[in-house]
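Attaching a single structure in structure tokens format; questions to follow.
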Amino acid sequence: MRKSLLTSVDSIFSKISESMALFLPVDDPTGRANYTRWEEGKKWSEALNTVKSPKDFFFPQVEDLMKFKVSGKNIELKNTAKIDEDFVVFGVRPCDVRSFDVLDNVFLSEPRDGYYAARRKHGIIVSVACSKPSETCFCHTFGIDPAGEYGDVTVWKGENELFWKANTEKGEKVMELISEFTESCDDNAADDIKAKIEKIAEKLPLRNLSAENFGGDKTDEYFDRPEWKSLSESCLGCGTCTFVCPTCQCYDIKDFNTGKDVIRFRCWDSCMYSEFTQMSAGQPRLTQLERFRQRFMHKLVYYPANYDGMFSCVGCGRCLKSCPIHMNIVKVMKTLGGKADE
Amino acid sequence: MQRITREMLTSKAISLLNDGTVSAVLGWREGEFSYDLTPSLFYTAEDIEQNFVFNDFCGANFSKYLVTKTLGIEGKILAFLKPCDTYSFNQLLTEHRIDRSKVYVVGISCDGMADISKIRAITGDGISSISCEPDGLKVQTIYDDEPKTVSYEDAMAERCICCKSKKHVCYDELIGEEGEENPDCNRFGKVAELEAMTPDERFAFWRGELSRCIRCNACRDVCPACTCEKCVFNNPNSGAENKAPATSFEEQMFHIIRAFHVAGRCTDCGECSRVCPQHIPLHLLNRKFIKDINTFYGEYQAGKEVGSRAPLVDYTTGDLEPGQVFEREGM
Amino acid sequence: MQVNEYKPLIVAFCCNWCSYAGADLAGNNRLSYPDNVKIIRVPCSCRVNPMFVLRAFQRGADGVILCGCHPGDCHYTSGNYYTRRRMALLFSMLDYLGIERERTRVEWCSAAEGAKFAQTMNEFTEAVAALGENKRLEDLRCKE
Amino acid sequence: MDNKNSNLQAEIVRMSGVNPRKCMRCGKCSATCPAYDEMEYHPHQFVYMVENGELEPLMKSKSIYKCLTCFACVDRCPRGVEPAKLVEAVRLAVIRQQGKNHLKPEDIPPIVDEDLPQQAIVTAFRKYAK
Amino acid sequence: MQRIGVFVCWCGTNIAGTVDVKRVAEALKNEPGVVYSDNYQYMCSQAGQDMIKNAIHEYKLTGVVVCSCSPRMHETTFRKTAAAAGLNPYMVEIANIREQCSWVHKDMEAGTEKAIILGRAAIAKLNLNTPLTAGETPVTKRALVIGGGIAGIQTALDIADAGFKVDIVEKKPTIGGKMAQLDKTFPTLDCAACILTPKMVDVGQHENIRIFSYSEVTDVKGFVGNFDVTIKRKARFVKEDVCTGCGLCMEKCPMKKVPNEFNLGLDNRTAIYIPFAQAVPKVATIDPNYCIMKKTGKCGLCSTVCTVGAIDYNQQDEIIEEKYGAIVVATGFNPISMDKFDEYAYSQSKDVVTSLEFERLMNAAGPTQGTLLRPSDGKHPHTLVFVQCVGSRCEACAEKGKEYCSKICCMYTAKHAMLVRDKYPDTEVYVFYIDVRTPGKNFDEFYRRAVEEYGVHYIKGMVGKVAPEGDKLMVQASDLLDNKQLHIAADMVILAAAIEPDESARSLATMLTASMDTNDFFTEAHPKLRPVESPTAGIYLSGACQGPKDIPDTVAQAGAAASKVIGLLVKDKLTGNPCVAESNELMCNGCSACEKVCPYGAITYVDKEFRMPDRTTRVRRVAQVNPAVCQGCGACTVACPSGAMDLKGFATSQIMAEVDAICK
């Protein structure tokens, strides 16, 4: 474990940026944090969470896959994706780091998604422990420790110091790069901070939310539950929850004709949309109830069924804060899961 | 604090349910925390007694729900509408989107709703509960032992601070006092401020705002004027379909066209800005159109009268020329 | 002639009954205007959707002009009155977003006003050329 | 028309808020005028003369003071020209030319005689104040 | 995918002079969908057209782009060419590379580049074209004329003489209108009744004409060729087919104090009445507001004396529905009310009358049998003052008068003045005028005769005030030329009241979806070129409902309207313009925005049951375009927020494809 002065953080950022792109949460004028490329003058945000999750780095909202040009009977293909440089994402919260595992299961299992894989290969994740969790946090439900060690490097933030620990080879490389600003310290140096975090975490209102009633074998139990009607009835069908969600991974592939050539790109899509996975015969889920149920069943039942019981929610709480009508996975879990035992 | 109390609404709702006037009640259902209420339909008195909530976080505009919720139901729906909601409701009646006979409107007076993000900015994160007390909102966080008090004034949503009207333009019954229109609300102040900037400044301002857009469509899907059966942005044949803000152009395109489509129909309810996860001040686009319409073609408030002709489907032979738009501003 | 002279791309929507005929008259009278003006024929100026205007800018136009019958002379009696309101509001909005107001224009031009048509196109092209390339409403995907 | 005259003409038009070009020469103002016989120039001529910039003879003429400001012409004019307002503006122009722009409080007592109606005093204030 | 043929025209050197046509043809060969591209000296020549036809056959073309002169010039030519080769004519697009390219650009390089781009845009559009067929609708071979004045009479006669059925709906008990009330007509001074009543008789007896008198149009549905009209036949309490018009009932009717509207209230009539001797149909009508039987249930005298038993006190309003192919509006005019013109003392003195009242006072069939007597005391008047432009050209007083010139007053005032002086040389006649307007054949001569031969005093100036004083009317006026004020002690003052459209016009216009100007005159489809048609197809305008008119103009317009109607009715089917709007009902919200901007009333709404995406059924309000009425302006397509409205031939996708091609 190494430590650095909090005051030297900008020098550290500057150092990292010399050799690779560095991204970190920065507040915009309205006080909302979003990941931004660091440059001189950008300040690391104090905010717990960014509005958009860091999944954007590996699975961007819009990503050009290739270009092609049709002239006469010839089609000329051009690969536009150029992902060959390392980059650092700093300040990722433990829940968000876990979300990459969720995405990895999907994109890195066969058939492997080359674009995603390349980004994962080049991305270095520096996680930062959550010193100030919010009332909307429920990562504990999914076994995540807000003070735990995640990513390639973990950072604990103290009053005046940062404590650094490399978890992977990629992480070691970064630590080496900034070694001039850090000094070695006791491996227990961050324990105070961890304890403090745990103490706060115990007070979180959603601390006792349990996912044990959910899992891969529960399809029959939940699919036809009458509560879906009242839960989904005020859903606007917007995509806010899916777009701020770190684990939602649905996308659409579309062509854009520039007039000179055609760009084939993919972009996030949302299972909440009535046009989602529209096919010539229509869409598979006809009502908002079905679409709403799909999202939560996927997070709590289908995904665990596919990936060894792992849930595809990490409890970051973004959807709790941004849903226009305040309907969210916590309300769904409490409404359905609470009655499962009866 | 709202002068209307939960009990006033629940007793009204239960009596109307019991005497058969309505078969369902559109109201607010309790959430996890004090501020995260969900609009919901209540069918029984028990449900209302247990779960119906009314407090300073009941900002959602119910009028749009009535478009779809009145379809699959026998009898009437009781809708509690705040003054601003009644304008949207009227506008939807004008556009034949709601069957008036299916709705029992109870107008409720409103003292302005609170904005949780303004409260959070004052108290910090970790809000475990909020209670509405006469002297202010008592906010308890997990980081403090004692609750912090936030005044209603400090907590009030921007759209409520410059509320255009406390008057209900439509109701079957009224609870609370009827208010007045407020022509001095200065709701165009920020628009005028932007107009006074140089084009470069304006461009920089909007670039900064719109670049945050994540195209989640919350603004559109909450908007009571956006009730199209099929939105042009979802329609692959419209020539305007776009699912993601692929470039800065598409960010601009979406918001310009959306504002244009609701121009003359937007009642300025402010829901678009309320729901934006990135807090883009989308209402400033709509207000620009409203302000222009008022100055170019005479005062017009969408939703004020059912059946009124929206300015964009109307004209006079003496209208000003597009080229005069800038002359008259002396720019 | 200069080799690398900047030539703005102008898209002109002309109503079939007045302005398109006015453009034809300009041709009959050999009244020249820049070749970077490209005309699209529409039945009436009121057929022009704001989306067309934005689309033109997206695809690389530097200026968009709508031409229709003079108010009161619309072949369809009222079409251009609606155009007038729609475009006044649209242009004001574009200006509000910081997009140069000189890039958009509405001009009334009758079938007899060939000279006016040519003159308008000359002036408009000049005004747009002075602004340079459209940067604020461009779509980078559509540029080389 | 010389420059000074055209300035004066514009000034009178501005003060009166009357557009003399709207006159279609029907003469109904003169036909209806109760002070017609007292006048050298008649209401329809006032309008015509202002429109043509023949201001000097008009301003010198006593006719403009014969107007009772009864507004019969204003009421009857089919084109909304409002000759009486024009007359009032011409009278004002005369006063201003004489430099009597303002009425000082100390000027008032001598001009107020006992028989002068209140209304006239108020009118005087209106005329003299800018 | 289309198979497109591109044909680049040289137009001699007109195009080829500044455009390298061969390069254009070569460049366009590679555009999507193009399978053939060539150039030729004169594409519009027979040889050029044959070239197109051959290519259509040989290359199995589905569409043709001609790069040539303006589509306004030869679009029709090339569409016919395509049609002759079996192609849908709307699968032809023209790239205008002459008027809008070669003729305005001097540089060969630039001209060629632009021609290629214009060709590309036409190809891009054509790729999205679909064959269009103009819709056909049958035509109901019957016309409706609303209004039975001289305009309606003449229109009906002209249509009926051409062999088509015509119905006249007249709200009064008889046809004849204003002209029946007139005495003599200018400038020939022949008697109005002498020339009108034979026409009325013709109408009454014409086998193709039905008269619905004492009737009103209450509803109009449908569109050109197929109007469904509801007509209310008001109960006249006399069986129309039985009454012989003998007039015995009028003699016996005890209620004799009903103001006679035909004589403008200058005398009285009975409660059962025939408006005037030559009325058509000559059938009595009971005025239920005055009939003692109708009011008290006790009388029944007329029923007793009627020898044919025509009286039916229990008659009810009858509603009939009829189909028409064309509708002519001939609702005419009325003089405006003089109530607001206090300065002329109209309401104070019986001797101040309007010109129409004066017509009755001079008419041999009028209340005074043609002897000019003052209404107040029945004495012969010696001094008469005519005031022109009362309420006309009155911009400042919208609540009093009208902004426009009523057109007919100058001439009828000259007529009146002349007739008075002719009949009573001992009278002094003054006419006060602002301008005397006499454009018309023999009109100015007529006016000059009044001055020169008959000694009428024409005075430029207006009357300011009329004050009754004893048995005289003191007229105060200005003489602008002499620059003096006049005071005339007159016996009568006659006001040339402005005329306005009949009060029924506004509601009728709403029913017909025909547009009106701010003065409630019907608007013509084009002020110069289509003066007798309303913008709404199938609606025609006749007479003063379109604007102030004298009798010759009215009759001329009536004939013109009739010929337009005949031109419509001779067709068995109407072929529409195929480039019309189309509503995608699945996307329509039913918001009515399109309906509000449609200048032709082509859009209606229906409630229709739809199967929704979620498999439920729902009744939704959706817009439907009537292709027979739509003219294809496209206003609705932009008003529609959901894009449910599109315009065939100028579809959103097509215009966007053109934009894309141009901006490439």
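What to note about this one:
In this document, chain identifiers A, B, C, D and E correspond to the written order of the chains, with residue numbering beginning at 1 in each.
Keep this in mind: contacts are C-beta pairs under 8 Å (C-beta built on N, C-alpha and C of every residue); 3 or more make two chains touch, one makes a residue touch a chain.
Values in this document were obtained by computation on a predicted structure and should not be read as measured data.
Think of each touching pair as a link: the shortest run of links from subunit B to subunit E has 1 of them.
Note: the chain lying farthest from subunit B is D, by mean C-alpha position.
The interface with the greater count of contacting C-beta pairs, when D-E is set against B-C, is B-C.
Of all chains, the one whose CA centroid is most distant from that of subunit E is A. In whole angstrom, the spacing between the mean C-alpha positions of subunit B and subunit D is 57. Here the CA centre of subunit A is 69 Å from the CA centre of subunit E. Subunit A and subunit B have Cα centroids lying 30 Å from one another.
Averaged C-alpha coordinates give centres for subunit A and subunit D that are 81 Å from one another. The residues of subunit E that reach two or more other chains are 597, 639, 652, 656, 660, 663-664, listed in rising order. Contact with two or more other chains is made by residues 232, 239-240, 246, 312-314 of subunit B. Contact between chains, per the stated criterion, is found for A-B, A-C, A-E, B-C, B-E, C-E, D-E. Across the complex, subunit A meets subunit B through its residues 28-32, 34, 48, 51-52, 61-62, 132-135, 200, 203-206, 230, 233-234, 236-240, 242-244, 252, 254, 256, 265, 267-270, 273-275, 320-322, 324-328, 330-331, 334. Within the complex formed with subunit C, the subunit B residues making contact are 191, 194-195, 199-207, 232, 239-240, 246-247, 249-250, 252-253, 256-257, 259-260, 263, 285, 288-289, 292-293, 296-297, 311-317, 319-326. Those residues of subunit B lying in contact with subunit A across their complex are 31-33, 35-41, 60, 65, 69, 121, 124-128, 141-143, 208, 212, 214-218, 220-222, 234, 243-246, 271, 274-275, 277-279. Of all residues in subunit E, only 30, 32, 613-615, 660-661, 663-664 touch subunit A in the complex they form. Interface residues of subunit E, counted against subunit D in their complex, comprise 343, 389, 393-397, 401, 434, 460-465, 476-480, 483, 485.
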